[in-house]
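To start, the structure itself, in structure tokens.
Think of it as A, B, C, D and E in the order they're written, each chain with its own count starting at 1.
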Amino acid sequence: MSAATPALVPLRVAAGFVVGVALLAVAPWILDFTPYSHNLVTLAFLLISGAVAWNWMGGFLGQVSFGHAALFGMGGFVSARLLLSGPVPAPLAWLVGGLVAGVFSLGAHPALRLRGPYFSIATIGLGESVRLIFTYWEDFTGGSSGLSLPIDPDMKHQLYWWGLGLAAIVVGMSWLMRHSTFGLQLLAIKADVDAAGDVGVSATFYQDLVFVLSGAVVGVSGGLYASYFSFIEPNDMFGFDRSIAFVLMTVIGGVGTILGPVLGAIVFVLLRQYLLASYPDLYLGLYGTLLIFIILFEPLGLAGLLGRLARLARSWRAPAAEGGTP
Amino acid sequence: MTAPLLSVRALSKSFGGLRALDAVDLELAAGEILGVIGPNGAGKTTLFSLIAGSLQPTSGQVHFEGRPVTGRAAHRLVRGGIVRTHQIVRPFANLTVLENVTVAALHGNRRADVPARYRAPRVLDFVGLADRAGQFPGLLTLAGRKRLELARALATIPRVLLLDEVIAGVNPTEAVALAALVRRIRDELGTSIIMIEHVMPAVMSLSDRVLVLDHGRKIAQGTPAEVVRDPGVIEAYLGTSTEATAP
Amino acid sequence: MERFIDLSLSAIMLAGLYATMAYGLGLIYGVLRVVNLAHGGVIMAGAYLGWVLFERWGIDPYLALPLVIVASFGLGILMYRLLVRHLPRGPAGGPASLLLLFGTWLVLRNVAYLLFTGNDQSIRTSYSTASVPFLGTYVSVNRLAVLGVAVILPILLQLLLKKTYTGRAIRAVAQNADSCTLVGVDVERIYALTFGIGTALAGVAGLLSATIFSFNPGFGSGELLKSFVVVVLGGLGSILGVGLAAFILAVVEVFAILVLPSYLTSAVGFVMLVLVLVLRPGGLFGHRVLG
Amino acid sequence: MRSRSTPTPCRSALLATLLLSLVAAAPRAAGAAAPTKVSLGATLPLTGAEARIGGFFKEGYELAVEEANQKGGLTVGGKKLPVTLSILDDTTTQATAVSLADRLVNSDGVDFLLGTYSSHLVEAQSTIGEQNRIPYVNGGGGATKIYKRGFKYLFGTIAPVELLGTTLMSWIDVQQKAGKLPRPAKIALLWENTAHGKDFRKGVSDFAAKSGGAYQISVDESFPLDGKDFSALLGKVKAANVDLFLADAHLPDYITMHRQYVAAGLCHKVVSYGARGSEKGAVDALGQENVNYVVSGVWWSAELGKKPGLAKAFVELFTSKHQGRKPEWFQALAYESARALFTAIEQAGSLDREAVRAKLAALKIPSMLPGGTLEFPASMGQQAQNPFVLQQNLPDRTSPIIFPPDAATGTGIAVNPRCPK
Amino acid sequence: MSEPLLQLDAIDVSYGDVQVLFGLSLEVREGEVVTLLGSNGAGKTTTLRAISGLRPPRAGEIRYRGRSLATIPAAARADLGISLVPEGRELWPQLTVRENLDLGAYGARARPHAARNLERVFAMFPRLAERSGQLAGSLSGGEQQMCAIGRALMSEPTLLMLDEPSLGLSPLLVDQVMNTISELHAGGMTILLVEQNLRKALQVAQRGTVIETGRVRLEGTSAELAANPEIRAAYLGI
């Protein structure tokens, strides 16, 4: 991120972003959330952070990871251990969890030279070995019986704003990444590693950097998640299903877009909850069908769909309506 | 001539048993255009890949500004000032034209500290793509994409530019324009150029010297006029005429 | 010594099981370059089909093999024609194909829940627990039969691939599809056929698994993960490599119990997967495309 | 500058707000108007790994509710109120179990929660009860760890798995003292790596440690859930040449492992798979001859219904509803959990959560569970401590209770007669 | 004069948005050897791919024995007797030589005659017979070229198209390949040859067409073309 350039963040965007976050921050009072809605939205925030961070790797860099649960679990267990060890402020514990997960993710460095499905398969292997080892590692993770944190209803309530804050920071980072020269280089690596090298982009450096960033954010969200549920267990935290969830959220929302993972995570939480409660017999199938349709008909996911609708609406409106987007 | 900017000594590369490049020497002076020609499969692109660091040589050395750079990684060579283009243009399809150039402008010659965002539009202007800045490369014509490839290379502020068939494949009008652009790069930016080219009129008119490869070996070197008179070259290009091959 | 014989026999039996699970995944990857994430779902479907045939009509699972092969072959053709064919080819299609087939798996699982509920089922034949004495120990008859199938399948497959025009066309398509078109091979048809055969192999694996394990609609993820390991070790797309890799994985897992707690022996496979990918991306036996 | 229409965060935030406000539109929990019914909620693993048992628990819960409603409902403050129960599928995943319980409490407005099945789900889900101060009665979370967190709203009708290990060892001890088993006896202890398995292991190994050398644990290994191959592990058992084979596994692993056990020609003087052994599914999958003499320890058995009493009534009620199928401990614990909650509600005379919680904490009612009384002792974290009963499968297809003596309906056979010599 | 065997009528061919052929027309009559000349990127390979169906034209028509090929998929064209030896041979490297050849006879028309044709190919290239069990990928460049030609011959072609068969071969082998082409021609086969070795090509062909950036620049008999200084200019840039 070398260049200080004119108006990296246009005022309109910044203002809109701040207003949006502020609206969400006061939403629980304005909309009179039930505790259930409050909790569900909190969960959505946590997953938004994870999905957006996954997207930095999978979407911006093109390294599709099927092993992010390892980082999520790492963050969760490190912060849970810290919280259990004594009077550590929760935010500090989450942060440390994130840092450890970030460093931990460098363990996948050797896999970075693999491309396409090979990388994905390697991450599956990494994720599964981490799961088995941590489930066995009783002293750290409590083994298969997991770790319980003290129940603190206030904490769960406050997590709404912590989660919102994290999501806001992460989405903001995503925007900055995508619109800065940093993001350009990531996309260049995604498009063609060799050609990127030919113009001087050092792929491994950026891949490692994004891996660490992504791992750290996913780790922090794992820490928040641990506080949210008050009970975590390695088979669940490190599980393959969780790794797949990161991929699903992003793909449903739109890989490589800024808005996509956000929408994907919201849909993932809400739609799943809705289907589970309303169509318990069919939810798997409906979910699978949705996935199939998105892959076949809208590769950019919901974000792509919205973009299409927006273009359609714009073409209907008078052409004078709006200039180019910033 | 003073000490060469780039010198290549006995550079060889084997793939399995096949000797793709066999002890090739070359020197490039500052501000020179060196044409590299030869039939398909002569080893021209391999030569480029070895100089630009995309491939590791089996033996031989490359010196740049008097220092050895043999086998250095491509992205480090770019920062030193050696950059290549590809025969098959490889724009980053997911980036706009301007973004493609900006990425390249971030790197390259360390001595150039003009901010990338500032430099990229100027480079686009130089290659004549200023009006396409916001488009995706997929919408450009082949000639447009070749210009983009050039712009990307130029954005790194190279001292040595390796051009792999930038002119081939476009229509004659565009070819003339591209050739003119290559000349301007040398004349106005002072960049030294090695170009592989099949479009003979272009090579012959642009090059100060021409190097001819065949089957991985250097078979001739000299001014364009010398080279086209060389019987070995004629044979390599047009085939042997000595005896009939009737059944 | 006796312990060594015990462990070796266990490894061989386990290798047979792993190999049957992995052939289909390997074949489809080798030819279409698609990682069939629905593999686990088809294994589950094969298990249920075998169970229905056995419970309803009393057809012995080994006699049911042809039926299961035909049915899952059909399922594979259907999946190819309806879904896989529309995927973008090449590396860009990677994550898309993974998720598309994962979606298919979810649908298959749902269908199984609707048809069979979540109860655990299993196939018990008269020989389920029978065993024969061998070198001072006992070998399960059923596992021996599975091993037999695991050995016969690649031989049949290899015969198909080597001796018939269609089989050669399958291998040729894997190596260079355009050249196939030039000699008159309908590449799309070959792709569909290959996907069908790969799916049929998964169905067989499911049927055989059903004679060993109890299963429910969620069955198949463990099988899928093991198959991954085997196929990667074997070099993504070599049938004999898959067989050998299954053997190596089984040996490593089984003998790991001498030095590791039992729980961690299956982690060894995944660690091997990562190491092989990083150190020898072509698999243990070099990269070959259905050679 | 950019011609693309990447949605900006400005729009994205607004959109997200919009989407999230849809959630907020969810109906609020009903107010404090006079109650017209008692509404209960539960999630159960109806799909996923524990789907089979989830289905059994559902039968138990539903039977209890039906029975209560047939009597006109629960008498609350002098009025008969009908009972409703909404059961959601938690897909055997923790996050879903938690958020669906949250939904039941905070969106659907249920008055009380019944628990889900399996320790890890209960441990995760019970936090919702605690956070919302709503009584949570479960029969599916047996790990002692769950009850050591000092939760006030959590009640378990399921005795600790540790006790299963202890009970099993007590019977073995009786046999050893009678000279039927060697002293010291060598044990192979295999346990699934879950909270359940760990407790079982603790029960057995604590007993062995206190036995003064009467028992020696020669193999002590865990294995992953849904393991694919146990041959190497069984090989280790074989090499160790043990007398007693004590394992703890869930049903699919029991079937896989025992098939391999039989095929490998193994045989031990005592064979047990913890709670597994007498269920019909296992007998079907393994064959009667192969499960003979397997000793299992369960929280409840239909055998208890052979003597007149509450158990008998329950067995009759259940069999008449389910075409002659006999209940197993799953349905019994589910039923008892619901019944305990009903009793507490009637005793409290209101739907007030605190009042019901207090009544549950003080509850002491006659029960069909072994021991005859159900209570939630505070000293044990409100986990019932009813003893286990041991059953043994016999060649005549019965599985009489062989231990403890006061509940026994048959006598145990200590040295497995199937083994040669 | 009889109807030409192959007729290209003003075809346009594009790769995505890049148009490579612009209204190209060409004729090949039965029993002829025609060579297609031009510098790299002129569109020679694309022309052959259009005829074989791998890259169908966007406009214009290709007729074979007077029938339009527009509706005939690429895979069915081998059965009509159209066969291409692609540039760079494009063998199946991990199939044996024998398997490569056998697959050449995949089409329904050629399959019954596979044994006879195999004998002919082996007679023509004894080297292949020696190496029949070896993987095609392990052959030398010249042997690979023989194998590729052999594979094409296995389909009993009426029209054989060869794309730069001398590419990467030593002069000796180039002569051998050219001899083979002459032999095939003597046996009555119609041949369309793309070759960068201009003199060799004009020696074996009766007629030639020079194309430049997707358009025909020159046409004539081999003798006419060989004498035309314009060709030398086009190739050497003087």
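The rule is simple: a contact is a pair of C-beta atoms (placed from the backbone, for glycine too) under 8 Å apart; a residue touches a chain by one contact, two chains touch by 3 or more.
These numbers come from a predicted model, not from an experiment.
A.B. asks: Using the touch definition from the top, list the chains contacting both chain B and chain D.
C.D. replies: Both chain B and chain D are touched by A, going by the contact rule given at the top.
A.B. asks: Which chain maximises the distance between its CA centroid and that of chain E?
C.D. replies: Greatest centre separation from chain E goes to chain D.
A.B. asks: Please state which pair of chains has more C-beta contact pairs than any other pair.
C.D. replies: Most contacting pair of chains: A-D.
A.B. asks: With centres defined as the mean C-alpha position, give me the chain A-chain B separation in Å.
C.D. replies: It comes to 43 Å between the two C-alpha centres.
A.B. asks: Provide the C-alpha centroid distance between chain A and chain E, rounded to the nearest whole angstrom.
C.D. replies: 54
A.B. asks: How far is the middle of chain D from the middle of chain E, if each middle is the mean of its Cα atoms, in Å?
C.D. replies: Roughly 75 Å separates the two chain centres.
A.B. asks: I need the residues of chain A touching at least two other chains; which ones are they?
C.D. replies: Residue numbers touching two or more other chains: 132, 135-136, 283-284.
A.B. asks: Name, in rising order, each residue of chain C that touches chain D in their complex.
C.D. replies: Counting only chain C, the residues touching chain D are 2-3, 6-7, 9-10, 13-14, 17, 113, 117-120, 122, 124, 128-131, 133, 137-143, 212-218, 222-223, 226, 253-257, 261-263, 265-266.
A.B. asks: What part of chain D is in contact with chain A in the complex they form?
C.D. replies: 1-17, 19-24, 26-29, 46-47, 88-89, 91, 93-96, 98-100, 102-103, 105-107, 119-120, 123-124, 127, 130-132, 143, 145, 149, 151, 193-195, 197-198, 222, 224-225
A.B. asks: Enumerate the contact residues on chain A facing chain B in the complex.
C.D. replies: Listed in rising order, the residues are 2-5, 181, 184-185, 187-188, 190-192, 194-203, 256.
A.B. asks: In their complex, what parts of chain C are in touch with chain A?
C.D. replies: Against chain A, chain C makes touches at 33, 35, 83, 86-88, 91, 94-96, 98-100, 102-107, 109-111, 113-114, 221, 225, 228-229, 232, 261, 263-264, 266-267, 270-271, 273-274, 277-278, 281.
A.B. asks: Given the complex with chain A, which residues does chain B contribute to the contact?
C.D. replies: Checking each residue of chain B against chain A gives 52, 54, 73-76, 78-79, 83-84, 86, 90-95, 99-100, 102-104, 106-108, 115-118, 152-153, 155-156.
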